[in-house]
Every structure is written in C-alpha cells, then in structure tokens.
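Next come two complexes, and both contain subunit A; in the first it sits with subunit B, in the second with subunit C.
What follows is the complex of A and B.
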C-alpha cells in the first residue's frame, strides 16, 4: 500500500472508531434489545417479537404515530413553501437586504428551550400576544366598518359609505385615461396601489357588515383558540384535522424557516441571469419566471430541505416536551416523546428500542417515497 | 503538504496536552465556600437530592448541621433535577452518589432491580427501631420485607378553602341551607358550597369557581379513594380501575365538565398562573376550594401573606368512612455500588434524627415519626400542621398501589381523566331530547363512556402487569 492511502486511513481512523462505538454499536444493540424485555438495571431477556406485537395493540403508540405524521404532513410543506417564498423575497434588490437576511436567520440561533418558553407566553390564551392580535384585528375591522355602515340596523348605510366608491373610480380613471400617466409610471403605480388599498378597505368593511347583519357574529364575543391547551380539531368539519394545540406547534416550527431560506438564497443567487433574460425576451411575467425558471433551478435544494424537514419533523421532541408534555389528551404526543417515556419513565428499554426501530423504518420509507416522487420533478443542471 | 502535516501534528499535540493537564473538578474542591478548615482530613460524600428555592435552603441547612457537628465526614449536597432518572443512570454506570434522595414511588422499581442497599442491618446497629416511624411512611420505603429507603419529608393532603369567599357569600350560603362558618363535610356538600361560591361575568364566563376537580391536577388519580374506590387488589393481584366506586368518582368529575361547560372551563383554566406564583388559582382567588398538600401554606404566605384561608380534611362521599388522605413522602437511600456505605449511613442516620426535624420544620411539614421532639413544634411556620398530622394518622389514609408499574398506571389514569373530562356526548344520540330527558340521556352516555374508558385502562395495565410478572419469572429461572 502506498503512503497516500495509509495516511488517509490514519486520518479517518479516530472518526471511524467514534462511528462504530457511538453509532454502529447502539444501532445493532438497539435492534437486539427490541426483541428483549430490558429494564435498565436487569439483564435483557429475549422475548421474540412480543414488543412488536404489543405495538400493534398500543393505542398510545398508534395515536402518537398519527400525531407525528399529521404534524409532519402539515409542517414540512408549509415550511418549504414559506422558506422558498422568504428566500425569493430576500433575493430581490431591496434596500437593507443584508439586514433582512440577518434578521430572518437570527431565530435559528436561539436555543430551542428559549424559543419554546417564549412561545409558551405568545400562545397563552389570556395574556398571549397572538390572541391579543387575533382579538384586536376583528375589533379594528368592526370599528372601520362602523364608519361606513350602521352595523346595528341591517342594510343601513352611513353617508361616509359614498367614499368607498373612490377606490374603484380612481382605479378606473387611471386605467381608462392612460394619457396623463403614460409619462409618469411611478405616479400611475402609486395611484393604482392607493386605489387597491381603498378597495380592500371597502371589501373588508362590507364583509364585516354583512356578517354582522346576516349572522350572530360579534367581534367582541369572538372565541379565540386556547392553543396549547386546546384539543379541539380545526377545521372541525375536516376529518383528521389537527387540534389547535398541534397547530400551535406547527406555527412555532415556522420560527426556524430563516435557516432554510438562507440555503435557498444561496441557490437562488446561483441561477444564471441569462435564463431570466431569455424569459424576459419571451414575454414571461414574474409568475412564469418563478414557475418555469426559479423553481426548477432550485429544485435539488427543495428536495434536500424537504427530506431533512421530514426527518426532523418525525423526530420532533423538545418543543412538545417543554410546551405541552404531550397534552391535551395526548394530542401533541409525538413518537420521540413516546420512546423517551418508555425508556426513561417506565424503564422499558426493549419496548422503546422496538418503537425506535419502527420510527426509523417509517422515516426510511418516507424518504424513499420523497425521492421516488421527486424523480422527473427535480432538475440537476449537471446531468 | 508539509505545512498541513505540521499544523495537524500541532493540533493533535494541543489536544493531548489539554487532555493530560485538564483536571476534572473533584468532589472535594466543589462547594468551596462551605468547606471547613479541616476539609482535607475529612472523607467527602456526595448527596444527590431534589428541591428548589427555600426548600433547597432547608435541605442545605440539614446538611450543614451534619457537617458542622462532626469532623470525620463532609457531605456535598448536589442539587439535582430529575434525580431519579439521573441516579438510575449513575447506578447503571457504576458511579453512583453516596446518598440519594428519591420520591417514594421510585423505591419499588429501584429496589426490585437491586439498585439500593437494604438498610435494616444499619438500622438495627444504630438502634433505629421501625416503631420510631408512623407505619405508613416507613412502609413506603420497604420492598419484599426489607427497608431500602427512609422517609425525609412526608406529605399528606387536605382541602384548602378561601375564608374571604365564604364570608363574601355568607348570605347566599345560608339561603342554600349551608353554614358559611364551616367547610363542607361531604363531597355532596362540597358540590353545594361550590355551586354557591361560583361567580360568572355578564357573558356567562366563569370569574370564580367554587371547586374544580381538575385543580391542581396533581391528585387526579386520588379522587376515587374519596368514593371508597381503589386501583389494585394486592390479594388477588388484579387491577381494579373499573370498580363501581371508581365509576362513581369519575361521574362526579364529569358532572363538573357537563354543568359548567368544558370549553368555558378550558378558557378559564388557561388563565391560571404557575403553582409557585401569585397567579396560582387558589392564591389569586380564582378557585375557592382546592386539594393541596402540607407544603401549600408556605407558598400562600410567600405570595399573599394576609390571605385568610382554612384547612380541613378533604371530604369523602356520603357513606364512605374518613378522614382520608394520600400518604406520600420523599425518601433517602444508599445506592448500590456506593463507595462508602458505612459513612453514607452516618449521614442517613442524621437525616432521620436531628436532621429530620430541621428539614421538616424548615419545609413547614410534619414529621414521619410517632413522637417528634418537643422543640420541633415551637414556632413551627405551618399553623395548619395539626390537620395534616391528624389525617396522616387516620386509619383511612391511603397510598397509591405499590407497583413498580405505578408511573405507567398513573399516566394511563391521567389519560382516562382527560378523556372523560373532554368527552362530549354525540349529538345524534341526543336529537329530539330536551329538559330532564336530555340530562338523563347525557348522564347515561357519560357513564357508558366512563365504564368503557376505565375498562380499557384496566385491561391495558393488567396485561402489562401479567407480562412483567411472567418476564421476571423467566429471568429468575434463567438466573438460577
């Protein structure tokens, strides 16, 4: 053997030892223990497949697996969508771009426990920021609607309601009279934006008035979710809909999308400009360029983030453990928490190993499935 | 290439040097501020124990008393969260502390796995008679006829009631045929008091609740005992989670959710603060009556020193003999593999004599012994101690089933409790019914669900217990 390979092996030798000792051995031992009854202070007793057959009957395990899959199926696509959107937004030429990039990445640097404790307060149904905002928005809309409509007497308009016609009239004037604005595109765009904003005010006010007139809706008596303590499914009519507590965890998981967005940003900056120029020549608008140029070019990164997201979501532990401890009614108990309980609370290392192996297989299957689905959708420029 | 090799060699040399010269902080060097002048001549022992805040200080005072009154040993109190789990791992790893403080339910799984040293021989040599202790507290540390742990701070629970609320609603209580000058004597009476003490705002949302079985949430598995129920029959080895008395208790729990509305109570309860805070539901005055332990007066006086409250044995359902209380304790033990068991015992002995009095007094608790020293009661901070002492000594006082599966069983019961509390009768079954007919149907459906839920708990836990016994027998057979 030449000196080169020997030196190479010598360099990776410490890492190999660590790999075998800290990954290889637990991996194999865990597989063996999954066929054993193994309280930590006693010797393992081989019991065949009984741990696996017990899993089939264990309603807590089944529920925690269903909860984990529900969480992953909502949190991963939502996270990817938000991260791609954020990456594209950060990739535009706006003033203070570096500042925004730092701001969106910062949350990723905050330790999980701190984030969890922070969100505990945000989600507090009584004193939390989220419910305060959710409660204030409909009340503010109602106050706005009250300016234009008499909300207590159905169908009655106030004189100020005439002002709501200003939005559509302004938009029509700008569109129909191109002459005065053709040389001032900035002014045209400004007036169109103002008209759109005013139309939005009118639509929202009218919608609020109609709700008040036609339904028992009252923004001051609106029932806001109990978030982490609320096990009611939302939307209630949809089968297998996540409960509010799980929505809270999903919402919280979006806190870390900045990190994914930075990875997308790196890839976005790698997209050749000439592709956009060619699209421009072909008359493609923003949406077509995004769909036919940007997304295909960053698709390998989307696949990578999706796979990592699935693995992370299937193993989520710290946030639900700190924030809900599995409650209410086990509706946020994830498989990783179930494993922890079995191993360290109930001293059932063998059973916990069996669950860990099942989780491992589920993750492998989901990852393979993702790769399979991605075939033909992911574009590798090098091929 | 040479430069890279040189840099790598330098890096490895640095790692080796740091590894060689870096010293792991020793037990002897820790706690420097407390070390006496003769520290070098003493044998140092490690004592892993729980506690936070003033309870930690009390434990430290007990340790300091030991360290100051002899010159042979120095005990380092290492405040440890999740001490049971960490102790288990340390014992497995062969490097346990010399002394460990556990919770009573930990004794069985630890002793069963031979993770603790039996203390009977030490006790006999020191003249520490079993008769020194209140039987039920000593029993918590025993397994298979041997003593593996001794009680440090005992616990018992009772009903705390807000006297200000009783006074404010005196007329209404009298109108309902209740005496505002005394607390309820039965659970049926508790419900009637609670109904009068409730206050709602103009939208019908609760402002004050007289009583809630969900508060404080720590004793949800114990309600059944106040209805004469039980969870395990040691004579037959059968789980009894679905006993008729237990069903009666769960019906009582469910009635609160049905009467006042699960969703409204969810909103109301989500505004409660943490236990050790002025926003504690009882301390803040959001709940008028609550089951709490002997430690609670400390926390009330800490956050609302002038609160007028009373303590009485928690009432039992009509026809059930009382007074009853849940008996529990923190315990002290010597782990298997401990390096200095003889010396560790000297500290354990201190924690059972003079140290026990110091600890219980500073914790504001009663002592788990039959004849506490006279000085212990002088100026004791807990003015309600007599109630707790009396209920703890009652023949009807109870302990949770002494099963190594108890943690799992308790979690299953918590699930059952939450499920029953949140379960809503299907509207399809109630269609076309109103008034008393609807109420009767709701009650019937709730009872059916309660029975089904408790039967599932019973089946699950019985299967677990049976398989555990079978595996243990197989293991014992293999060992022989």
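What follows is the complex of A and C.
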C-alpha cells in the first residue's frame, strides 16, 4: 500500500537539493573549470586543455602524484593485511577479547590534528618516543648478551652449546616424559614456557654475537632515521625507494587499522559455525580453515575496505599538511596538498581543478582495477 | 544470532600464547602513543627538549628538589659553578637597587631594551629590580671585591655590597639552583625560571640536590588558555549540535523515503546516492568553496553545517538498510489506521530505530569534532576557530617546541571523545557491527 509518488519525492527532497547543489553542480563545474583560466574575482575563461598540458610539464605535480601512489600502494595493502590479521587474532576465545577490542578502537577516537601532532612528537628524531625505544633495543640485546658472556667467562657455561641445547632439551623432556607432567598441565605449560623463553634468549644472544662478528658494531653509535625530517631513501640499495619521511607517514597510518580490525571482528563473528564444523570433519587445520573458510567469508568486507582505503589514501591531506608541510624537499607533498596550495594559496582555480580531476580519474582507475583483480576471489553469499 | 569463532573451545596453550603475543604487540602499538601523549602532557618543558636518558625517563617526568632557605622546593639547575683561586664566587647583598639585566649583559640600565632579540617575557625578567633585600651571585661576569666591598656588575656599574658568604671550593660539583614553580611551565622562552631574581636560589653541592618525579597538572591550565579552549570548545560544540541535528533529521527523512515509499526513479537515485560516496572531497572542494564564496558564507560557520541539513549519503544508506529490516506489517497497520507518513516515521519507525539513530548521531558527532579540512578552508578568524584549528594554529605558531603544552591541549581535545566512547560503548560496538563497512 502506498500513497503515490509525491510523498516519496517530498521525503527525499532535501537530498535531491544536496545532490544537485553540493554534489552534481560542483562535480560538473569542477570539470568545466579544469578547462578554464579562472582568476580570482573574475569569471572563468575557457582555454581548452592548456591546464592539462601544463600538468604534463609540472614536475612538482608529477612527483606529488608518484608520492601519493607510493603511499597508497604500501599503506592500503599493509593496512588491510594487519587489520585482517588482528581481527582474526581477536576472533578467538582468548581471554581479554573485549579489552583488546577497546584498545584497538581507541586511536579512531583521536582527532586528526591530534594524531598528526602526537606522531610528529613521537617521530621527533632527537627527543621522540620512537627513537628512544629503538635506541634502547640494541642496548637491551647487548645487556642480555653481556650477561651470558660474563657467565661464560666465569666458566659457568659455554653459552652457545648450553643455550641452544638446554631449551630444546627441556621442551623435549616435557613433551616426551609421560608421567609427572601429563598429570600436572600447569607445571607442564610452565616448563614449556620456560623452554620457549630460554630458546628465545639463546637466539637473541646468538644474533648479537653474529652482529658483533659481522660488523664492528657499537650499540650506542647505531644511527637512527630522522623520520619525518629524513629525506634519504630506504632501503637505500633499492632504486626509487620511498624516503624515511614517507615510511613515517605509512607507519602512522597503521595506527588507525585497529578500527578496521574491530569491523572485521564483527564480520568474523557472523561466519556460520557449521562451515567450521564441516571443515573440522574434513580434517582441516587452522591455516586451511582460515584460508578456505574465514577469508572467503569476509572477502566482500575486505574488498570494500580496500576500495575505501584507496580512496582515502589517495586524498590524504591533513597529516602531511600539519606534520611535514610537504617536506623534506617536497618528498611528502601529496596531490591533495598540491590541489589545496594551487587553489587557496596561489588562487589558480582552473589548474587546481584540472589536478583534482586527474586525481579523480586515477582513483576511478585504481578502484576499477581493484574490482577487476578481486573478481573471482570475492565470495558473495546468496549469489 | 551471534555466530561462532574459529573453535568453540579455548585454543591450546601454545596457540593462545601466540595469539596473545600478536594481540599484545598490536595493543601496545595502539596504546603506547596515547600513553606517551598523556605522560608528555605532565612533563616539565626541559624534558621535551632533550633526549630521554632512559626508557623510564621517557615516560615519567623528573625534576630536582633541594632545600632553599629552609624550604624543600622544586628547583632547576641553572648552571654549574667552578670555584678556584682565579674565580672566586660570593653571595652578596647589593647596597642599592639595579635592574636584573645588568647582571647578565654588558649594557647599562634599560639600554638592552632597544634590542629586538628579547621577547616580552625576557624583557620583564631583565627589567626586574634587584633590591638590597635580595642576594645575588658574584661570579665570573659580576665581580665582588671583598677588600673595598664593591660589586662590579656585568654592565660596568659599581655599587657597594655586603658579603653574605664566600663559596668554598668543593670536591663535588657545585650548582646554581633556583626555585621552580608550576607557572613556569607556561613560559616557553624561559620555561624554567632561569634568571628570575625574585625566586629563592642558592649554590649547592650536588649531594644536596635530589631527583624526584615531577608531574605538572598546571600544564593543562597553561595549554588550555593558550588555545583559547573555552571559545574554541563553544565553536566546536555549536557546529556539532547543528550538524548532528541536521544529519539525523534529514537522513532519517530521506532514508524513510528510499526505504518505504515508492516513486519513479527511486532505485536509480539510490544508486547515485551510493556512488556519491566514492567522490573524493578534493574533486568537489573548489567549486563548493566558490559556491559558498558567492553566497558570502566564507568566514562563517554556515558552510560547515548547512549542507548537513540536506542529508548525508553514508548515513542515508545506513538508515535505509536498518529501516528495511523493520517489520513491514507495523507500517501497514499504521497506514490502515490512517496515519500520515510523517506520523508513521515518528511513531513507528523512530522508536524501533533508536540504536541506529543513536549511532548516526554519535558518528556524526565524532566526525564533526575531529574535522580539520572543513574549518581550515572556511574559517579565517581566530574567534571562530574550532578546537582542531586552534590547536593547529598554536602548534604552527610555535614551530612545535612546547610539546608538553601541545600534548596537554591534545589530551584535553581527545578526552571528551574517549569518555563518550566509554559511556556509549554499546552503541559504538553495535554501530560498528551494523555498518561493518566504515566507521
């Protein structure tokens, strides 16, 4: 039962206005402006494709597009991978699931400006948290190794033999000896944990010894990157490698993936149990279940998030604007910043519109490409 | 129905250890920056201007304490003093008043005022009078001659002075320490009460100085006044109220139209609505800006809230999906009873959709509170700045050195959202599950 079309149009009327005035008009007008010379306070003058031909010569634009593409091509796949992994780790019956869920979601509540300033402070090359922690790692490894060298020189043990053998021996003993340990599961897991820790310590000190042997290395003299102020490419041996500053922005963007992990968790909890039961009956292990049941079941969400991630990453603005303002040497100048500068700093509206449209086309192409690649890999229930 | 997880029972111990390790690393990564923000917001300035000496010091602010004139005070170590036969040090009481600047600079009274390198705070310190009730340190730049009882200031002036005591050489390091008060946190250029002659001071051996934890809640007072917190908060709240009200009302109406009413082109229009979500903002940013400029709205709040009263594609989509899940019979029954569509929306749909509407309101609030690009483009006067803009303005004005204040302001800016999250956790979690797509 319904009441004719008028009621319907009346209800969506506000949105029709918005579609025309705030979406349709700007979309078309922007396209038109991109073919115009549009000085401030004058009317646009049609100049054909000259804005676009200028783009072909503008190295700042080309570099900003390359930077943005590099950023998106690392940040989006990495973000999706981490979010899915964390979501799957959350979706187990480990204790503290809701606690982790809250923590993972918290960064999403922090305003963009605060995120930018906070990470600017974390990335501070001299006084920031990141370099303080990174600087502490080699020192900690060294201290640990120092203990074993001391024990060794005191004649207590030959560290390598002892370390590498003791852990596995303990683990084997616990696994193999049936009597005392199988009746005491707590003791058993305690001893196995100890064995695991022992092996880890052994590996660490072996790595340290290896480092000392390979390089005349002094933990206090390890040079840490300058992050946002550092324009040197990493890894240095790879041609066209992104500079440290871009890696810093990528690392910072990973701070937001917890929110996506929480979304994946919600979707993972909707995967029907019988699929896993069927897989269990077929004798599938954890990996097979993850790969053949879990991932296909959430693949539409992964696709959607990847597409939204690409659209978001290609127009990233606030973080580089606040944190680096394009520096060092324009190496983090993104396309959205380029548009902002052209439009609002230099008042070159026609040119900025052309850049915006090129950005739009690139985004459309990337989106279509993503859909194309995903075809045949995404499972839609009920189809 | 709630589905199930990979296994119904808890995983085996080694599996759960690996999972816990992954989750803990993730949790640390997500939590650590927030912890760092809060600990920095309570630190003294000097610790944001030198590398932390240890991981512990990176997280906890420390300061020095010592007994000054019988009082146990927070102190700053102003400089080290080496006393020897060629460099005697005296604590003296000047016979007449002079300007504190004359202790430090080779200019007469007030001449250094002409030098533009000094800012207001520094000038105030230089201008501070040193009166005969005070004591001053006569050391390298200021010389005291005990034979004649004259003090020769750095500025060249000589005046009579009476010695209080001579500082004896010591095997330990000697430090000029000065009292530190929480207000000093606000003075970026000084930050440490250094050189403020009105403060208690002394020369003490290192053993008389203790290190202690120093947490400074006063940073928040200083930071909030620097970013004009009250005004910015009002602006932000005004925008939030307008945008949330507008988005909820208009998106509800439009979603109702798309969900329950039949009209020509409905599905096409809905398809277009979905497609508009894919349009990146930079593409439409410039024409929209010009449109508002022609309307004379630039420099006012209108561009930031008026559009929200015409609906928002994402929330229209969400609400429509939710509405479609409602029992249709109820709506038909209401229609048979002669309710108008608006009455049905208000009396039937809204009461059933409270969680979805709450979610729309929350996420809109979140988005408006956090927005940066919108206010950056449309607002140009400081009295209109939202919290985002005020914070950014404060940061860029100072080139990002007073990190303790920046982090205090950042904490104050983020905290309402975090509190809101904990208060409305169920709405959030349900919303995340419901959208499943975007937050």
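The criterion applied here is as follows: the second predicted complex is superposed on the first by the 346 of 383 C-alpha atoms of A that agree within 3 Å, B and C clash if a C-alpha of one lies under 4 Å from a C-alpha of the other, contacts with A are read in each partner's own complex, and residues count from 1 in each chain.
Following the convention adopted for this analysis, a contact is a pair of C-beta atoms (placed from the backbone, for glycine too) under 8 Å apart; a residue touches a chain by one contact, two chains touch by 3 or more.
Bear in mind the structure is a predicted one, so any value in this text is a computation, not a measurement.
Visitor: Could you classify subunit B and subunit C on subunit A, in the superposed arrangement, as clash or fit?
Guide: Aligned through their shared chain, the two binders clash on subunit A.
Visitor: After superposition on the shared chain, which partner residues are touched by A:171: those of subunit B (first), subunit C (second), both, or neither?
Guide: Neither: A:171 stays clear of subunit B and subunit C.
Visitor: Classify the contacts of A:126 with the two partner chains as first (subunit B alone), second (subunit C alone), both, or neither.
Guide: both
Visitor: On the A-aligned overlay, A:311 touches which partner chain: subunit B = first, subunit C = second, or both, or neither?
Guide: A:311: touches subunit C, not subunit B.
Visitor: With both structures placed on chain A, which of the two partners, subunit B or subunit C, ends up touching more residues of subunit A?
Guide: C
Visitor: Which partner does A:378 contact after superposing on A: first (subunit B), second (subunit C), both, neither?
Guide: Neither subunit B nor subunit C is touched by A:378.
Visitor: Applying the document's definition of touch, where does A:39 land relative to subunit B and subunit C: first, second, both, or neither?
Guide: first
Visitor: Counting only touches as set out at the top, which of subunit B and subunit C does A:344 meet: first, second, both, neither?
Guide: A:344 contacts both subunit B and subunit C.
Visitor: Just checking: does A:330 make contact with subunit B only, subunit C only, both, or neither of them? Give me first, second, both or neither.
Guide: Touch status of A:330: first partner only.
Visitor: Among the options 3-11, 39-47, 111-119 or 165-173, identify the stretch of subunit C whose C-alpha atoms clash with subunit B after superposing on A.
Guide: 111-119
Visitor: Jot down the residues of subunit A that show up as touching in both complexes, subunit B in one and subunit C in the other.
Guide: Residues 124, 126-127, 344 of subunit A touch both subunit B and subunit C.
Visitor: Tell me, which parts of subunit A touch subunit B in their complex?
Guide: 37, 39-43, 45, 47, 50, 59-60, 124-127, 221, 223, 226, 229-232, 327-330, 341, 344-347
Visitor: Once bound in the complex, which stretches of subunit A touch subunit C?
Guide: The contact residues of subunit A facing subunit C are 1-3, 5-12, 14-19, 21-23, 25-27, 29-30, 33, 82, 85-86, 88-94, 96, 100-114, 117-122, 124, 126-127, 129, 131-133, 136, 189, 192-193, 196, 254-255, 258-259, 261-263, 266-273, 276, 286, 289-290, 294, 301, 304-305, 307-308, 311, 314-315, 317-318, 322, 335-336, 339-340, 343-344, 349, 352-353, 356-357, 359-360, 363, 367.
Visitor: Within the complex, which stretch of subunit B touches subunit A?
Guide: Touching subunit A from subunit B are residues 85, 88-89, 91-92, 109-110, 113-115, 203, 263, 266-267, 269-271, 405, 407-408, 411, 415, 418-419, 422, 456, 467, 471, 474-475, 478.
Visitor: Within their complex, state which residues of subunit C touch subunit A.
Guide: 2-11, 13-17, 19-20, 22-23, 26-27, 29-34, 36-37, 40, 48-52, 54-55, 58, 250, 253-254, 256-258, 261-264, 266, 269, 272-273, 276, 278-291, 307, 309-311, 316, 332, 335-336, 341, 366, 369-373, 377, 387-389, 391-392, 395-396, 400, 403, 406-407, 410, 413-414, 417-418, 421, 425, 428-429, 432-433, 435-439
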